[in-house]
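Next come two complexes, and both contain subunit A; in the first it sits with subunit B, in the second with subunit C.
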Partner chain A sequence: MSAERLARLALSRLGEPGDLRLAHWVTELGAVQFHDALRAGAELDGLNTELAARLPSVEPERDLERASRLGIRWIVPGDAEWPAALDDLEHVEPLHRMGRAPLGLWVRGPLRLHELPTPVAVVGARSATTYGTDVATELAAGLARAGSAVISGAAYGIDQAAHRGALAGDGPTVAVLACGVDRAYPSRHKPLLDHLADHGAVVSELAPGCSPTRPRFLARNRVIAALSLGTVVVEAAVRSGALNTANWASGLNRPVMGVPGPVTSAPSEGVHQLIRSGAASLVTRATEVLELTRPAGEHLVEPLRAPSRPRDLLGHDEQRVLEAVPLVRPAPPESVARTAGLGLVEVRASLVELRRRGLVEELPTGWRLADDADQG
Partner chain B sequence: MFDLAIAIAVLGATGAVPTAALDGLVVIGELTLDGGLRCVPGVLPMVMAAAARGVRHVVVPEPQAHEAAMVPGVEVLGMRSLAQVVAELRDEPVPEAAPVAAMSSSRLLAWRGAGRMDEVDLADLVGMEDTRFAVEVAAAGGHHLLLSGPKGSGKTSIAERIPGLLPDLTREEALELTAVHSLAGALEPGDGLRTRPPFASPHHDASTASLVGGGSGAVRPGEISRAHCGVLLLDEFPLFRADVINALRQPLESGDISVSRAQESVVLPARSIVVLAANPCPCGDYHADASVDRCKCREVQRRDYRRKVTGPITDRIDITRHLTAARPTARRDPLAVRESSAEVRERVTVARARQADRYADEAWRLNGHAPGPALATRWPLTPAAAALVDDQLWKGRLTRRGVTRVHRLAWTVADLAGVDQPGVTEAGVALRLRSGEPLLAATLRKAAG
Partner chain C sequence: MSAERLARLALSRLGEPGDLRLAHWVTELGAVQFHDALRAGAELDGLNTELAARLPSVEPERDLERASRLGIRWIVPGDAEWPAALDDLEHVEPLHRMGRAPLGLWVRGPLRLHELPTPVAVVGARSATTYGTDVATELAAGLARAGSAVISGAAYGIDQAAHRGALAGDGPTVAVLACGVDRAYPSRHKPLLDHLADHGAVVSELAPGCSPTRPRFLARNRVIAALSLGTVVVEAAVRSGALNTANWASGLNRPVMGVPGPVTSAPSEGVHQLIRSGAASLVTRATEVLELTRPAGEHLVEPLRAPSRPRDLLGHDEQRVLEAVPLVRPAPPESVARTAGLGLVEVRASLVELRRRGLVEELPTGWRLADDADQG
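Coming up: the complex of A and B.
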């Protein structure tokens, strides 16, 4: 097992996250044999020439030792902590020529990744509005209170709002980075990442010390989507990376959800497109996310209904009579009957019933609506 | 007011006091039937006016000597009775006299919680980042503000913290404000110059006279003048009477208020930051979020109420913010940063210094008071930013007056950020502040340094 861990570590050091050829040869040969073959100089489709420059500098034992000094662990498939949900990535079509399950993950923090309770990804734009960050915070807090773990990145805007909501809701929360888990990127988020490392988990495919690049963010997004049972996008402009995460979730056949914003708001345009195209379900609160991510039928949300009013409970005739009773000037039952188009006997009976319900009042000159009768 | 002056003038004419002693002398005070002096309101502004005309000697009722002495370069004599004044003018030994009663003050009417202002701090409030930024901009540029939101969303709490974000008054402002308070009879003997920005929050059944000034007899400054250089909060402002609201239009634009009466017309300073707070409906429990909506108002009532919120008065408001009800989430957020009033005040002071430099040769000190034409010609936005604002005008989302307000706001946002000319970013923030749209999270991040 140790050889497998070391081989996977070394391979992850050689290539970039989401490299399809590395994943291919690991499946073909197994990580240990593949690594040995590379070291022995086997060409393997020209891979060796490409990676040769990096080969001599890779020292997996030293990496492990240094990481454990920093309180960082390296987990690989087959480990108890390895989240099985990641293996679904093996069956997903690549996006941007990246994909497959990670070779392993670096983890910092007390949370165990295989024990995350019904995790949900909450992602969105860095250039969020305060509407978006408020919604993300409330949503994550609601999910946390319902017992779900929250997964996100560590960017400004929605990502950090989601983590802070989850923390406020006393729930587990995980940040997946596109750089080493010992690095604070953006540097302003050092307090957030340190807090997560103490109370949640900070996760990355990249070894400690590695810096973030554009492709690494794209590869990272597949880990966020795969760790979660579903992905919620809160505010994403049309070119936001959060939509990439949503694509991965679609590819994984996991629910994709979008929180709508004002139709005039650019940071919501991407989400609106996602919902319009049918790729995402519209959600507005945590319970609606639970309905889609928890086992079917466990968290059904009652459709919102207008509150029932006294007049909703009236019979058909009584409603017609009530409509015919004047607002201000009292009318005799005969006049009400004419207006309602009903017989005098039914009208008299209805008027008495309506008075009992406090909807109409009788004056010496006739009937009219009671003062506090619901006008709506 | 003129009792003592008339008496001394008569005594001078009849030779009871030497006329030489009356040269360049101003006497202020009323007389009681037994010849004692009585305090009068407005000693400070009278002495200021006298000093401006070169008067160097002033006689006032004893309890008001301190007030008169605030004016630099004036020698003040505090006296208790007519006999004392006469003796003094004749250079004779001054007789004993009963002390003069301090003016029965209207202190109870003034300053709801003036002392409390020092105790409230921005650090007490959790969350509300959007509104915090808005009040910082309002404080920095002297912009009027409309806060709308359900009961308990913190409208009043944040409004009464705005004076704490303002720097100390300049000597000139302090004199103006103290003069207004003297006129209102709200100055106690022993009170020094008002050096901190005031806060006034009149109740919604206030009359026009109590709000903008007037009254029978002498003109009394209204709440808006007492809040000069500070903050005037009109809580639940749709409940104010329509004529009261309309009377606010002039001071909101010009920064002063002219009170016309039968005999006279008085112009009083009224340059405060006006904060209008409004519930979303008469009962105050309406929430856009249906899950927490507990509103009991009828749709008609809500419509009437909203009509009062959007009127000519709101077009004169620079910043609109919609607050949401406080959620427990913010209070439990372990990473929430709670800035204190002092930290924000530092940024406000720097931004105000930038404005003072820019407008050094002008009649105004703050962006919120800068006239639109001057801004348009001498301190324009960058072309791209101007195009952005213009676009909103064409789309009908902004009125002409709104364009000026956005322009002023953009300058304040730039001054807070240390930017030399408002660009697209600053104009974008200004448009959001003006329209009530939520701000970008990045804006708040930058503001917090």
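Coming up: the complex of A and C.
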């Protein structure tokens, strides 16, 4: 096992996260044999020699030792902590020429990744609106209170709100980074990341010390999607990282959900597009997310019902009379009786009862509804 | 034809709009024969004698004459102006024990109902938010500018905004009322209704002078849905007339569309439920409505695209170098070359070109991205 861990660490140092060539040869030969073959200078079809050229400068034992001093661990497939959900990435089509399961993950924090309870990704725009961050916070808090772990990317905006909401709901939360887990990006989120490292987990494919680059964010997004049973996008511009995460979740056949917003708000446009295209389901609250991400029946959503109204409690004749009473211009009982198709005596009795219930009023010229607030 | 018109008018005076018994016997016997049978005192199975009892007080010729003086016409199936789309109601399941096509329609205004160009219903909450009325106005104006007629119910809130938007977009607009077309309900909308009567059309199943009642609103909603190729709901409480109109549109197999809003806004809850249940498609603008309501291909929506960015224009190597440049902490060219997997000479040249384009910056300790505004 130690050889496997070291081989995977060394290989991860040769290329970028999501490198398809590395993943291919690990599958073909196994990590240890592949690593050995590279060291022996083997000619491997499709493998750029630039990868092998970096091998001499890689020192996996030293990496592990340094990481350990920083309280950072390296987990690989086969480890108890390896989340099996990540292996589903092996069967997903690459996006932007990257993909497959990570060779391993660097983890900082007390949470064990294989024990995350029904994890849900909550992601979205960095340039979020206050509406978006309010909704993301509330949603993540609701998920946390219901016992779900919240996965996000620790970016400004929605990501930050998701982590904070999960913490407010006293739930586990995990940040997946596009740089080393010892780095703070953005730097103003250092306190948040330190807090997550103390109470949750901070995770990355990249070794400690590594900087974020654009492709690393794209590769990181597949880890967020794969660690989660489903992905919720709260606000997302038309071309954005959050939509990339949603694409990975789709590829994994996991639920993609979108929280709508005002159609006048640019950060909601990407979400509305996802829903319109059928790629995402519209969700408005945590219970609806749970319904889609938890095993069937475990969390059924009660459909919203309007409160019952006084007139729901009326008898059949009183209903008919009420329906025949004009909204504005008062009508005499004879006219109400004609519209209702009932006798004048019953109508007079019903009108009195309806007045007692505050539903109609009598004016000198006749009867009308006491309020015109709901005409159905 | 005159006998048919008079018979239908007389029959419409015997019951409420959407009365299933009247519709049944008109289908079975024809309007004229049914009317004759009633006058002859025939025993008609399933027909409440209360209907026949009202017959003596009905004076269709006088109704027509009075209406004519008010500039109101009565149209029935077979008339050139009768909109064939209404007849689809004959095949729709009743809702709230009412349904079927109207026996005829009272019309006030210059618009001819059979010539409405690609009519679309825009309906929603009376207690709408400013967001809702702004969006409804903009949507209706967009539909009008694209040549569509806008159908609504002249109520407060979304209905009013829909009519006003259509007028602002210089398009035809039709109000369907739950009272006589000579009445103004709500009374504060008298100027709007008078304007519609001068420039568009005001329509009702109910004879001039009739008052609105709750069931008349429900029956009216089926006419709004049936006059339109599709129905858009802008804001709607969970239990509301707009959702009833949407139900009629569904029953007619016509597109139902919903404009989302903030999940924190009660008037958007009904719309979100419609979309979640699959009953409505999410739409955000007029072009998306046209795509769903006009014949295929006539109005294809261009998918929203983010504007192209400077880096979309880069060559392959420059792209690779740019992707290897850190976001924050500057890196020397050697490090960038290692991440990019390219030679140092090409990398230096690319970095200079990228700087010229304003994409990267050089600091004493190395190179980094000029802005971190979009990491994908």
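We take it that the second predicted complex is superposed on the first by the 322 of 376 C-alpha atoms of A that agree within 3 Å, B and C clash if a C-alpha of one lies under 4 Å from a C-alpha of the other, contacts with A are read in each partner's own complex, and residues count from 1 in each chain.
Simple rule for what comes next: a residue touches a chain if its C-beta (ideal position, glycine included) is under 8 Å from a C-beta of that chain, and two chains touch if they have at least 3 such contacts.
Small disclaimer: the values here were computed from a predicted structure and weren't measured.
J.: Just to be sure I read the superposition right, which of the two partners does A:Ser2 touch: subunit B = first, subunit C = second, or both, or neither?
T.: A:Ser2 sits against neither subunit B nor subunit C.
J.: Once chain A of both complexes is superposed, is A:Arg285 in touch with subunit B (first), subunit C (second), both, or neither?
T.: both
J.: So, A:Gly341: does it touch subunit B (first), subunit C (second), both, or neither?
T.: second
J.: In the superposed arrangement, which partner chain does A:Leu167 touch: subunit B (first), subunit C (second), both, or neither?
T.: first
J.: Is A:Pro262 in contact with subunit B, with subunit C, with both, or with neither (first, second, both, neither)?
T.: Touch partners of A:Pro262: subunit B and subunit C.
J.: Could you tell me if A:Asn244 is touching subunit B, subunit C, both of them or neither one (first, second, both, neither)?
T.: A:Asn244 contacts subunit C only, not subunit B.
J.: Looking at A:Arg188, would you say it contacts subunit B, subunit C, both, or neither? Reply first, second, both or neither.
T.: In the superposed model, A:Arg188 contacts subunit B only, not subunit C.
J.: So, does A:Arg214 touch the first partner subunit B, the second partner subunit C, both, or neither?
T.: Touch status of A:Arg214: second partner only.
J.: Mind working out whether A:Thr130 is in touch with subunit B, subunit C, both or neither, as first, second, both or neither?
T.: first
J.: Counting residues of subunit A touched by each partner, does subunit B or subunit C come out ahead?
T.: The partner with more contacted residues on subunit A is C.
J.: Using the superposition on chain A as set up above, list the residues of subunit A that contact both subunit B and subunit C.
T.: The overlap between the subunit B and subunit C interfaces on subunit A comprises residues 131, 134, 262, 264, 285, 304, 375-376.
J.: In the complex, go through subunit A and note every residue touching subunit B.
T.: On the subunit A side, the touching residues are 126-134, 137-138, 141, 156-157, 161, 164-165, 167-170, 188, 191-192, 195, 262, 264-265, 267, 285, 304, 375-376.
J.: Quick check: in the complex, which residue numbers of subunit C touch subunit A?
T.: Those in contact with subunit A are residues 16, 48, 50-51, 54, 131, 134-135, 178, 185-187, 211-215, 217-218, 237-241, 244, 259-264, 268-269, 272-273, 275-276, 281-285, 288, 303-306, 322-329, 331, 338-339, 341, 372, 374-376.
J.: Mind pulling up the subunit B residues that touch subunit A in the complex?
T.: Spelled out, the residues of subunit B in touch with subunit A are 129-130, 290-291, 298-300, 324, 327-336, 437-442, 444-445.
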